[in-house]
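Letters A, B, C and D mark the chains as written, and numbering starts fresh at 1 in each.
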Amino acid sequence: MKRLLRRREVSWEDPMVGAALALDLSGLDYLRAIADGRIAPPPVAVLLGMGIVDVQPGRVTFSLEIGEHLYNPIGSVHGGIFCTLLDSAMGCAVHSTLGPGQAYTTLELKVNLVKALTLNTPSVVATGQVISAGRRVVTASGQISGPDGTLYAHATTTCLAVEPRPDGRNGHGRAQPG
Amino acid sequence: MKRLLRRREVSWEDPMVGAALALDLSGLDYLRAIADGRIAPPPVAVLLGMGIVDVQPGRVTFSLEIGEHLYNPIGSVHGGIFCTLLDSAMGCAVHSTLGPGQAYTTLELKVNLVKALTLNTPSVVATGQVISAGRRVVTASGQISGPDGTLYAHATTTCLAVEPRPDGRNGHGRAQPG
Amino acid sequence: MKRLLRRREVSWEDPMVGAALALDLSGLDYLRAIADGRIAPPPVAVLLGMGIVDVQPGRVTFSLEIGEHLYNPIGSVHGGIFCTLLDSAMGCAVHSTLGPGQAYTTLELKVNLVKALTLNTPSVVATGQVISAGRRVVTASGQISGPDGTLYAHATTTCLAVEPRPDGRNGHGRAQPG
Amino acid sequence: MKRLLRRREVSWEDPMVGAALALDLSGLDYLRAIADGRIAPPPVAVLLGMGIVDVQPGRVTFSLEIGEHLYNPIGSVHGGIFCTLLDSAMGCAVHSTLGPGQAYTTLELKVNLVKALTLNTPSVVATGQVISAGRRVVTASGQISGPDGTLYAHATTTCLAVEPRPDGRNGHGRAQPG
């Protein structure tokens, strides 16, 4: 059997450059700077083909272009890609509510996969929105839908706000605004 | 500011070739064929840098090489990559218990992210194992750990076994053994 | 220290009587018969103090009267009671979409507890609504809120529709419409 | 149709008495005092018929006597009761690791219901164990099993440690060690 090879080549900028800029911006300003191209998107977004398309306070939308590079062995987009897109949208929705120097960490997410996604659908969008915003704990939900409104997955997440440090560095080891 | 570009180029084979081979193999044989290189890995595994390292009945282990291509904007591996690795390991653990022509679909997964992962850790492994195997519904759990045993994430999933079709095709729109 | 005893006495009817009636009714008619008092509420509803207050296709609301009998050791309503109320509301939302003789089983639920509930709040309502209804798999979400709209918890669930049996008995070992 | 009434009467002590005692005890000592009967069990435990049977550091086991009072309309134990038992076992496992004056709050739990439970099984036990214990965030898992080892449900939870207050009161509105 002839083995046809398919390729994908991506390039990205040093993610620590944007991370440093984040420290002085509110979450809303930071995310809008990424959406507008003023701050480079993170490597994983370039790798997968996803990006921020809308940022509102407490509500962020990502798009994902569907390509074979996202496929599992059965010929559809891997469920983990749904999770990555939803984690991004929900995490950024939480991030959009934070002030300069504040950060958050995602404690957990739960994703329901409701429909397979293939190349027949050129792109999908994932929207995340904050459900409950406490002083420390913020929860959010998210949905992935196609151009015709078809629902592909839905999710919820629990995030923990991290106090800003006096030195301007946040102390978290993990934060995932994108 | 000088913008240094980093690149990643990947190539993969037509995923439908392996998908066709899967129909005549038990889950265990199919997964071992991927682990041994006799069936090409799926595109998403190549894209991310993950692969099957061990297949036992009801228990499958994946490895992931950590690279900057997996990074979120804050300089650590995106939480969605944890989900993708765990979804793969848990889904394959379920798949490893199925006979030829049988398939499954992942209904949901829940992932706890417990520790950030950076380039300081060269690689991690994720192991998935079946918890409860009913006639139709199978649940599994999974963990991601580093070379020194550090736990990075843990998860559970609910899968639904899909009946084989008379024509040898399974009817599911989504199945994610990898 | 003087130990004041508090009491609760409840009584209920044989739950199998209502279960038998369920076989000939659509989910909507069955749930409305419970809401209207034509079919006795299940024991657990009497025990806890919860009941159906509204039934629409794909959307069911329960109320719960807050009492000290629901308290954990710290002096607030036990988180598991939130789960029970949400499981009821979400499960019945799924049940409300089923035809006569059809049943469902709850595969999993995930509940976020966002605010403590005490006797200061006399009662809460939980509404469950179907998110995605496939041929076999139905997902739903739910929320618990107080009289002033305060959110106490939110949840999602995955249910599996069970085919009716030729003999009129459904084959499930577990189904939880209430 | 003749309507036979069944009854359950329970009584409990003021839960705030035990809550006050908790402030001076480590989690381990507090839970063992409940297990030994030196501190009264919380109302919800009496109401449902559950109790602590074993307390180890990071691992707590509850038992539940199965009775018709726990039934849903279909004639089996309501799924929410599984959640309550698992929330108790997992939350106490977390609590068992805390020092005097420290408290925790349960942020979320996810429960997989794998098998129906009826009066044919006289009692079940639920064991919760800590998976990951960070400075602030602790995760745990839990399982419900019958006398013959049959698995009925499994779960995971995310808890947040709450800093003790200078005045000896913890500031959380919700904590669920039981």
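In this text, a residue touches a chain if its C-beta (ideal position, glycine included) is under 8 Å from a C-beta of that chain, and two chains touch if they have at least 3 such contacts.
Every value quoted in this text rests on a predicted model; they were computed, and no experiment measured them.
For the pair subunit A and subunit C, the CA-based superposition corresponds to a rotation of 180 degrees in steps of 5.
Looking at which positions face the partner, subunit A and subunit B present mostly the same ones, since more than half of the interface numbers are shared.
Computed centre separation for the pair subunit B/subunit D is 34 angstrom, with centres defined by C-alpha atoms.
We define each chain's centre as the mean of its Cα atoms; on that basis subunit C and subunit D are separated by 20 Å. Contact of a single residue of subunit C with at least two other chains is seen at positions 107-108, 110, 112, 115, 137, 158.
Judged by the touch criterion defined above, the protein chains are all mutually in contact, each touching every other.
Touching subunit D in their complex are the following residues of subunit C: 1, 3-19, 22, 34, 39-44, 47-48, 68-76, 78-81, 83-88, 91, 103, 105-113, 115-117, 172-178. By the touch criterion given at the top, residues 107-108, 110, 136-137, 139, 158, 160 of subunit A touch subunit D in their complex. Contact residues of subunit D toward subunit B in the complex are 110, 112, 114-115, 131-132, 134, 137, 139, 141, 151, 154, 156, 158.
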